[in-house]
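Heads up, the next two complexes both have subunit A, just with different partners, subunit B and then subunit C.
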Partner chain A sequence: MNQRPRLFLVITLLFFLLPVLILAAQSFSAPWRFPSGSGLDWELGSYEQLLQSPMLWKATFTSIWIGFIVLMLNVVIGVFTGKALTTVPLKGRPWVEALLLSPILIPVLAIAMGLHIFMIRAGLADTVLGVIIIHLVPTVPYSIKIFHNSYQQIGRAMLEQPHILGSGFFRQLFTIELPLLKPALRSVTFLTIVISLSQYAITAIIGGGRVLTLPLVFFPFLESADASVMSAFSLWFAVIPVVMYTLVEAVILLLPYSRLPWRNKR
Partner chain B sequence: MKSFSLKPYLLFLPSVLFMLLPLYGLLTAVLNSFGRHRGWTLDYYRQIFESKRFVMSLAFSLQTALIATLLSILIGLVLTRSFYPILEKITPRVSVWIPMLFPHFVWGYLVILLLSETGVAAQLLTAAGWISDPQHFPVLTRDPHGIGIILTYVWKEVPLVILMLLPVYASIRPEYYALVDTLGGSVWNRITAVELPHLLPVLMETSLIIFSFTLSAYEVPALLGTTFPEMVSVLSYDWFYGSSWQKRPLAFAAMVSISFVLLVLSFIGYGYLNKARWRAVKGNRS
Partner chain C sequence: MKKKGLLMLFMTLLLAACSSGGSQEEAWKDMSWEAVEEEADGTEVRLYMWGGDEGINRYIDEWAAPRLKEAHNITLERVPMDAAEILQKLQTEKQAGKQDGPIDIIWINGENFKNAKENELLAGSFTNKLPNFNEYYDTEDPAFQTDFGTSVEGMEAPWGKVQFVFYYDADQISEPPSSFAELQNWIHDHPGKFTYPRAEDFSGNAFLRHVLYAQAEEPSNIYENSLSEADIQPAAESTWAYLKDIQPDLWRSGEHYPNDLTELDRLYSQGEVWMTMGYNESRAESLIEDGVFPESTRSFVLEPGSIGNTHFLSIPFNSSNPPGALAAINFLLSPEAQLAKFKPDYWGENTPISFDQLPEDMKQEFEAVDRGESVLSTERLEESFLPESEAAYVEWMKEQWFDEIVQP
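Here is the complex of A and B:
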């Protein structure tokens, strides 16, 4: 039994931490040529090259903007549906749950191809709004699932209490539900942003190459940039969810019952 | 008088609006695959299933997705089962989830950086004298067997499997194990009598999610695959986005065929789960 933690440590270091450390080391040094006997050449050139690219900054802001709106819509749809699935009596509940999960079981590529013509007609093709809408498809089912689980953990008794005491929908939401949904909000933030950042094909189809997000810059970069720049770019992708997570954490602090100095005085 | 009230059902409004997107998208794709604008026909399906390129691609996609799914589930299950007391703590849990911080194609690039013929592993092995030249390193990325694609997917999905299974293991009450032990059961009995019934719904759902994703996602195969055989998603994307609009219906037919496979599988999966749940409620499990 004492072997267990050690084995776990070895597996984690080797398969989960080391790859990212190698990525970081490569991003801070010239492309490696070990067989020719050269070692590590520490430098910051790759970041200079990456961050000087105006396309990168534009794409970063577009991606963050899209990710933010997609996240807000996910929270709204997820909270409503999670509450509905927990409190509203339903026949054939398992099938409703399966149906709500189905958008991630159907290829999103097929959905995007199908919606493309509609987007052209509605004037949403090649626009940021169109891309935001299509990014909802692979993200919302996860959010619904996460919020549904959280609402079930809160339990119907807890949800009925404020209702019986006569508080309205939004008061229930902001004073009881959202504070208890904090862990769910964190998971949803994280998943939504990463999934939104992962979409190349559907962004290219609906955005028509006009809406430039980070993946659309990453793929062509592969042809031209060296290993150092690509590694720096790869790490750049992980920075965005972390920044977004921190921002959401700050917003969560504004909810009631958060540990804030000016609240604890009462 | 307060009879049937519609008000609570209003909570479903956002999700109903949202569901219109995928349903409309899929329906349009199906209609287009039957040649909506040029007269109804089965010709596009005949064309793709008669083309060797598509059939090979379909077989390759199914095989790659199946291997990636089974390996992810198996490795994730073994890791969660072996280490869940450790994974309850926050630091080990977060470190296992590191790959989830990166998009799939970024992890795909990492696999290229580490395991391509000019990659870090090949260079280190050459420098250490294990192989005489980096070119002797086995072809693991952009290979005809889909090894690179499978590696990337398994590496990325194992943390997801752990994420899904961990709450299940945490919720199994130790009394169940004690019961198996008092009745003289083995470790195998612990797995089949206690863990499997708890795990089955989650395992089924996770497998379906991973299989659908690996079968139909474009980014990773575009980065780590070859031109022959290629995944259906890459082929369809080429048909859809290629120079001539003539091939767009073929892209629709290909993606609809894949969707059909996935819908049938999901239906079987959820149907089986519902039946199992129903039997459990009735108390007749034999």
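Here is the complex of A and C:
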């Protein structure tokens, strides 16, 4: 039994940490031509190239902005739909659930192409709003599913209790439900941001190049054989969800009954 | 029922609102050049182009855009997008009847041009309006008249040209092969040190078409004729025989081919194979500088020759600023812009401009450019130049290569 944690550690290091470290090392060095026998030449050329690109900053902020709005909408839609699915008596609930999940079963590209015509006519094509709406398609079904499951775990009894005690809707939401939904909030945050951030095709179609997100700048570089620039770009890409996750974590602390790290140390 | 009716009404209104807004803006076709430049003054032009090369991006962002702003007060915005996606977008916009599209200029050639032209996604003939094109380019050049066998009809303006070359590491290979027969022997002598990308890849397909050219009696039998499977039967047969013959001595015994040129480049970069290839005779320069390719990388071409093609700038049917697009294209075709593109600092790409039509001092500047050691001389490239075949050969090669080489 003592072997287990060690084995876990070795596997984690080998398959998770090592690749990331190699990626980081490559991003700070000239492309490594491994069989030539030479070691890594440390340099910052790839980051210089990256940060020189005037589109990078603009695209990064656009991506963050879109990701943030998509996340907010996901939380609102997910929480209310998840709660409704748990509490409202409904005939044929499995059908409704299946219907709500269907956008992830149909290829999102097909949806985007169909929606594109509609969005052009409605004046939403080539706008940030259009991109936000299309990013809801591959994210909302997951959020609904996650919040729905969490509400079911909380159980009806727990939801009826505050109602009986005379709490209003929002008071109940903020003091009881959201604190209990913290794990779900975390999952939804991470999932939504990562999905929204990595949408290339649908952003290109609906955003039409007028809305420039990070993948639109980044993905063409996948066709480059320059491993250093690729690594630097990948790390840049990975930092965004981590930063946003941290921010959301800070926001979650504001919920009632949160154990603040600087208080209640037990 | 009532709800449905309302929805229908809403949709019809939407449709009506859209179609009425679409007045054809074709006024630019009858404008004088002075009027075009006047109209273009102070406008914004959006150039949609593939964005995967830092050198090309920097040429537009750092060299072209500021100078265009200064000279003509036009703001040039580069938007990174693949040609196939641009066409998809235009197609949908056409379907939806959108007349004020966001795209003003597209970078295009070959199959994409053919599709765009056939689906009427382009604004129409415009090259005869461009002063720089008429003055400095050989307008009758067959390379500008047809694009992969599709008649250009003035719907796109030549921006650059590239030729297909092979790259090798001079430290490993002292004397590169000079014909496809010699390449065959070289592969057998150095098993595992050569491979080519799959036929689905743009560059891999070009390699295969080179083999087809080499196996035909005359390369002109292929590029001068439209595709007829019966006519090229003998050449096709010996092409498959050639490819099957080299297959066992390819990298990984030919059981696996690189999916695209990038993969082949990585193999070459790692020293797994000793040769790579690709359009753009000067593309190794920046890769050497970045340390991706070894410094001893040089290039060569094989008998019977090397295929080259021209790439173009065009204007989509629903550009909201055709005068601005015309002025910007005219600027990008100017000798100054072409010279900067020709120098290895940014892009290092060959120019379609005609040296004989340039003023003497400009001509000298072009001739004085040192393109780098990995680039073959202009004479060598010109004497080995072969035109592209019709675009249909590309599709044919994809299917046949899979059936003949991968399947058995």
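Criterion: the second predicted complex is superposed on the first by the 241 of 266 C-alpha atoms of A that agree within 3 Å, B and C clash if a C-alpha of one lies under 4 Å from a C-alpha of the other, contacts with A are read in each partner's own complex, and residues count from 1 in each chain.
In this text, a contact is a pair of C-beta atoms (placed from the backbone, for glycine too) under 8 Å apart; a residue touches a chain by one contact, two chains touch by 3 or more.
Predicted model only: the values in this text are computed from it and were never measured.
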Should the pairing of subunit B and subunit C on subunit A count as a clash or a fit in the superposition?
clash
Quick one: classify A:104 as touching subunit B (first), subunit C (second), both or neither.
first
Which partner does A:210 reach: the first (subunit B), the second (subunit C), both, or neither?
second
Which of subunit B and subunit C A:8 touches, first, second, both or neither
first
Which holds for A:47: it touches subunit B only (first), subunit C only (second), both, or neither?
neither
Between subunit B (first) and subunit C (second), which does A:117 come into contact with in this model arrangement: first, second, both, or neither?
both
According to the contact criterion defined above, which of subunit B and subunit C contacts more residues of subunit A?
B
Clash check vs subunit C: of 133-141, 151-159 or 187-195 in subunit B, the offending stretch is 133-141
I'd like to check the shared interface: which positions of subunit A are touched by both subunit B and subunit C across the two complexes?
33-35, 113, 117, 201, 204-205, 222, 227
Contact set on subunit A toward subunit C in their complex
30-31, 33-36, 41, 45, 49, 52-55, 113, 116-117, 120-122, 125-126, 201, 204-205, 208-210, 212, 216-217, 220-229
So in the complex, which bits of subunit A are touching subunit B?
4-5, 7-8, 11-12, 15-17, 19-20, 22-23, 26, 32-35, 37, 76-77, 80-81, 83-84, 87-88, 94-95, 98-115, 117-118, 133-134, 136-137, 140, 144, 190, 194, 197-198, 200-201, 204-205, 215, 218-219, 222, 227, 230-231, 234, 237-238, 241-242
Residue positions on subunit C within touch of subunit A in the complex are 14-15, 18, 46, 48, 50-54, 57-58, 61, 79-82, 85, 88-89, 92-93, 95-96, 98, 102-103, 260, 262, 265-266, 269-272, 287, 290-292, 294
Enumerate the contact residues on subunit B facing subunit A in the complex.
8-9, 11-15, 18-19, 21-22, 24-30, 32, 79, 82-83, 86, 92, 95-96, 98-106, 109-110, 113-114, 120, 123-124, 126-127, 133-134, 155, 159, 205, 208-209, 212-213, 215-219, 222-223, 233, 236-237, 240-241, 251-252, 255-256, 258-259, 262-263, 266, 270, 273-274, 277
